[in-house]
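Common to both upcoming complexes is chain A, partnered first by chain B, then by chain C.
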Partner chain A sequence: MTLLTEAGMREKVRSYIAANLVVYDEEVVFSDEDNIFALGFVNSLFAMQLLTFVEQEFDIVVDNDDMEIINFSSVSNIVNLVQKKKAGA
Partner chain B sequence: MSNLPNPIVQEARLFAERELRPRATEIDRKEELPRDIIVQMAKRGYLSATFPEEYGGLELDPVSYGFFTEEIGKACCNTRALITVQTSLIGGSLLRWGTKEQKEKWLPAIASAEKLGAFALTEPLVGSNAKAVQLSYRKSGAKYILNGRKKWISFSGIADFFIVIASCEGSVSAFLVDRESEGITVSPMSGLLANRASHIAEIQFDQVEIPCENLLGIEGGGFTYVVTTALDHGRYSIAWAGIGIAAEALEAMVHYSRNRTQFDKKICEHQLIQAMIADAVTELHAARALAVRAGELRGAKSADALMETTIAKYFASKVAMKVATDAVQTHGGNGCYNEYPVERLFREAKVLEIIEGTSQLQQEMIAGYGLRKYYLPKR
Partner chain C sequence: MEAKEWKCVVWDLDHTLWDGILLESDEVVLKSGIVEIVKELDGRGILHSIASKNNREDAMRKLEQLGIAEYFLYPEIGWQAKSISIGNIQKNLNIGMDTIVFIDDQPFELDEVRSVHEQVATIEAHEYSSLLAHPRLNPRFITEDSRRRRQMYLEDSRRKQIEETYEGPKESFLADLNMTFVISEAAEEDLRRAEELTVRTNQLNATGKTYDYEELRHFAASSEHKLFVCELTDKYGSYGKIGLALIEIKEKAWHLKLLLMSCRVISRGVGSVLLTYLMQQAKEQGKTLLADFKVTSRNRQMYVTYRFSNFKEVFNDGEGNIVLENDLSAIQPFPPYIKVEIMAGSFN
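Up next, the complex of A and B:
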C-alpha cells in the first residue's frame, strides 16, 4: 500500500465528502475545519458511510472510544483520527 | 434456482421444502411460530448464519446469506422474519458495536436459540422519523433508567432480551435490556395484515433499571451508529425477502395458469396472462441481480454497499408486491381465498414496502444519491 502524505489523506477525505453532499448548490465550499454535519452539508446517515470509508480507505479499525461524532465532523478531524490510528494509538 | 453452489443454501432449500412450506399457512392462521421450528433452525445454525464460527455461526458470505434468506422466505415469511431479526438486526448490531463481553454473552445464546432478541426502535408516535424516539433514559449512578413505550416490535412477544433505542435530551443511545427486568410489560398485538406469527408486541418500560455495561456502542451513538447498522443489515434481508415472495408467487402463478382451463384452453395460453408472467419473470430476475450486486459490495466492504442495498430493498419490495398482486389476479377468485398461498403472499408483500424504512424514505435517499452521482455540471 502506498504511504499517503497528510495532503493526500486530506484530498481523499475531501473528495469523498464532496461526492456525498446533500446540498446541490454548485457554489458550496467547505474548509478542512468546517463541521460538515453542523452546516447541514451531509445528513446523519452519512456518519456510518464515512466510518466505513475511513476504515476501508486507510486500513484502520475505529474503536468505540473513537466513535464520537466530533472525530468525523471535519476533514481535519478525520485526518487527525486516521493519523492517530496509524501511529498505533 | 438453477445454480446453488453453497451447500448450506442447498440444504436450507430442502429444509424449507420439508419443514416450512407445509406449515406456513397454519403458522399464519394460528399466529404463532412453533418452538420446534425455532429449535430446528438453531440446530442447523440458521439463526446465526452470518456470525463468526466462534459465536456459533455459519460465516455465510453476504451473497450466500441472501440466497439462504430467499429459500427460507419463499417457504415461510414468518420464519424468514425470525432470521431478519436475530441475524441481521440483533446480530449485525452486536457484531459491529458490542463489547467482547456483550458478544460472548448474547451471540452464542442466539445461535442456540437459548435466547432470542428483538430490536425495539419503533414507537406509537415514532416510525419513519426514527431519530425522534421518545422513550427516555437517564443515568443514575451505575445504572440507566428507561421509561416509555415501544410498538410494532417483531418477536418481542417471545424475546428474552431487547436492543432498546432511547433518548436523553436529544442524545440517542442503544441499550441491551433483559426481558425479566422489573418494570417491563409486553403486550402481544393481533389483527395484523401480515407477519401474524412474528410475535409482534408493544413493550412498556416503567422505571426499568439496567446496568451501565448494557450500553451498546457509545452514549449518543444509538441512532448514528447502532440504528443505521441495524437498518442497513435489515434492508439487505428484506430485499431478499421480497425476492423470496416474488419467486414463490411466480411459481404459484405458473402452476395455476398451466392447470386452470377457461374458454377451452389453459389460461397460460391467454396472452394477457402471459404478459403478467413475462413481467414477473423479468422483474424477479432484475430484483435478484440488484440484490446479488449489493451482496457482492457488502462482501467487499465497499462504501457503495449501503446505497446499493437501499436500491435493492426498494426495488425488490416493489417487485414482491407487483408479482404477488398479479399472482392473485391470475388465480381469480381463488386468489382471494386463504386456501391458496397467494392470498398470504399478497399480504406479506405489502409489509415489505413499509418495514426497515418505507419505500418513500428509500426514494428520498436514492434521489439524493442520484442527484449527486448523475449530475454533469456541463453538457
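Up next, the complex of A and C:
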C-alpha cells in the first residue's frame, strides 16, 4: 500500500469534491480551508457519497461520533479526520 | 413475523413464460393464462423482469409480437449466468434482493441463482398458476401509486438514459428537470400510500418502524401530531408520494417520530428537503427539533442526513436507539434546482 502524503490526500479529496458537489457558482475555485457547505449544496446524497469515498479511498471507518459537520466542512478538516482515524483514534 | 412482500417477479422465457424454445422454433406459445397473471400482478404494483439465456433481439422481438414486452422492466437476455442477470435487475430496480422471486423451469438455474443470492425466492415454472394466490404477491393495500409503479420505473429509466448522455454541468441538468417538491399534511386519500411507504421503505427510514392505516389515521387526525407527505414531480412525470414525516408536538420541541423517503428519489438529491422544511417550521414555532433514530442494517444514509443537517446525539442507549436534537441555529437553504411548494389544508 502506497503511503499517501498529506498533500496527496488533500488533492484526492479536493478533486472528489470538485467533481461531485453541486456548486452555487460554476466559476468558483475553492481552497482547502473553504467551507464546502457554504460553497455548494451538500445534500444527503453527496454526504453519503463523500463518506463512502473517504472510507474506501483511505481505508478507514467513520464512526457515528465522527459525523460532526465540522469534520467534513473543508478539505483540510476531512484530511485531519482521515489522519486521526489512521492513527487509531 | 410476516415474510416480506415480493416486489418483482423475474421470469425465464423458454418453457417458463412460453412453451417451446425460441432458438429452435419461432412458433412459441405463451402458457395458458399467463398473460392474465402478469397483468394482474402488474395491477397490484408488482414489477416483472426477465432473466433468459437467449438471443436478445429475437426474444425482444417475440415479446413485442406477443404484445407483452412493455410489462418487463430491465430484461436481462443474453448468455451470462442468471445470477448475474438477477444481480443487474436488482441494481437497476434498486430493490432488496429478498423482494425478488425468480421463476424458471430448470432446477439447475434456480440452484445457481440461489447459490449466489441466498435471499432470492425461487419458484418452479410449472407452479405458475399458484402465483396470484401466493401470500407474498398479495400486498395489503393497492394504491394509485402502486398501480402506476411500472410507469414510474419507465419514466425513471428514461431519466437515467438522458442523465447518462448529458454532457453539461450537473447543476444545469438538475435545474433542467424542473423538479417540484410538494409538501402537505396527509389527507385521507394519502394514508394508504403512507402505510405502503412505511412497509416498503428500508434504506431511508430513520427508525425502521412501520405503521398501519389505523395508526396513521389516528396521527393525521390528532391535534398533538402532524403527519406530512411529500410528492416529487419533474418534467418526465410524477414520482408519486415519496416522503413521510410524523411529528409529535411537545411543549418545547417538535419530536420527529418517523422520517422516511422513498429511495427512488435518492439520486435526485431531495432527501433533506423535507427535513429542512420541518426545521424551518419548528423554528418558526419557537421550538427545537428532536428526532428518533434506530440503527438498522440499511439506514446509515438517513443517519448521515441528520448529522449533516446539524443534528447531534442527545441520547443513545447503546443498543441502537438514539435521539437526536437540532438547535436550529444553522438551516441549509433548499437546493437551488428544486421548487418547493407547501400545500395548505389539514386532515380535519
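Definition applied: the second predicted complex is superposed on the first by the 82 of 89 C-alpha atoms of A that agree within 3 Å, B and C clash if a C-alpha of one lies under 4 Å from a C-alpha of the other, contacts with A are read in each partner's own complex, and residues count from 1 in each chain.
In the analysis below, a contact is a pair of C-beta atoms (placed from the backbone, for glycine too) under 8 Å apart; a residue touches a chain by one contact, two chains touch by 3 or more.
It should be emphasised that the depicted structure is a prediction, and the values quoted were computed from it without experimental measurement.
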> With the two structures laid over each other on chain A, which partner does A:36 touch: chain B (first), chain C (second), both, or neither?
Replying inline: neither
> Where does A:68 make contact in the superposed view: on chain B (first), on chain C (second), on both, or on neither?
Replying inline: both
>> Per the contact definition in the header, classify A:13: touching chain B only (first), chain C only (second), both, or neither.
In response: neither
> After superposition on the shared chain, which partner residues are touched by A:22: those of chain B (first), chain C (second), both, or neither?
Replying inline: both
> Now for A:56: first (chain B), second (chain C), both, or neither, which partner does it touch?
Replying inline: first
> Counting only touches as set out at the top, which of chain B and chain C does A:78 meet: first, second, both, neither?
Replying inline: neither
>> Considering only the contact definition stated at the top, list the common interface residues of chain A for chain B and chain C.
In response: 22, 24, 26, 44-45, 47-48, 51, 64, 67-69
> Can you name the residues of chain B that touch chain A in the complex?
Replying inline: 97, 99, 131, 217-218, 220-221, 223-225, 228-229, 232, 301-303, 305-306, 365, 368, 371-373, 375, 377
> Which of the residues in chain A end up touching chain C in this complex?
Replying inline: 22-24, 26, 37, 41-48, 51, 64, 67-69, 72
>> Help me check something: in the complex, which residues belonging to chain C touch chain A?
In response: 169-171, 174, 266-272, 300-305, 307-308, 310, 312-313, 332, 335-337
>> Under the stated contact criterion, what part of chain A meets chain B in this complex?
In response: 16, 19-22, 24, 26, 44-45, 47-49, 51-53, 55-57, 64, 67-69
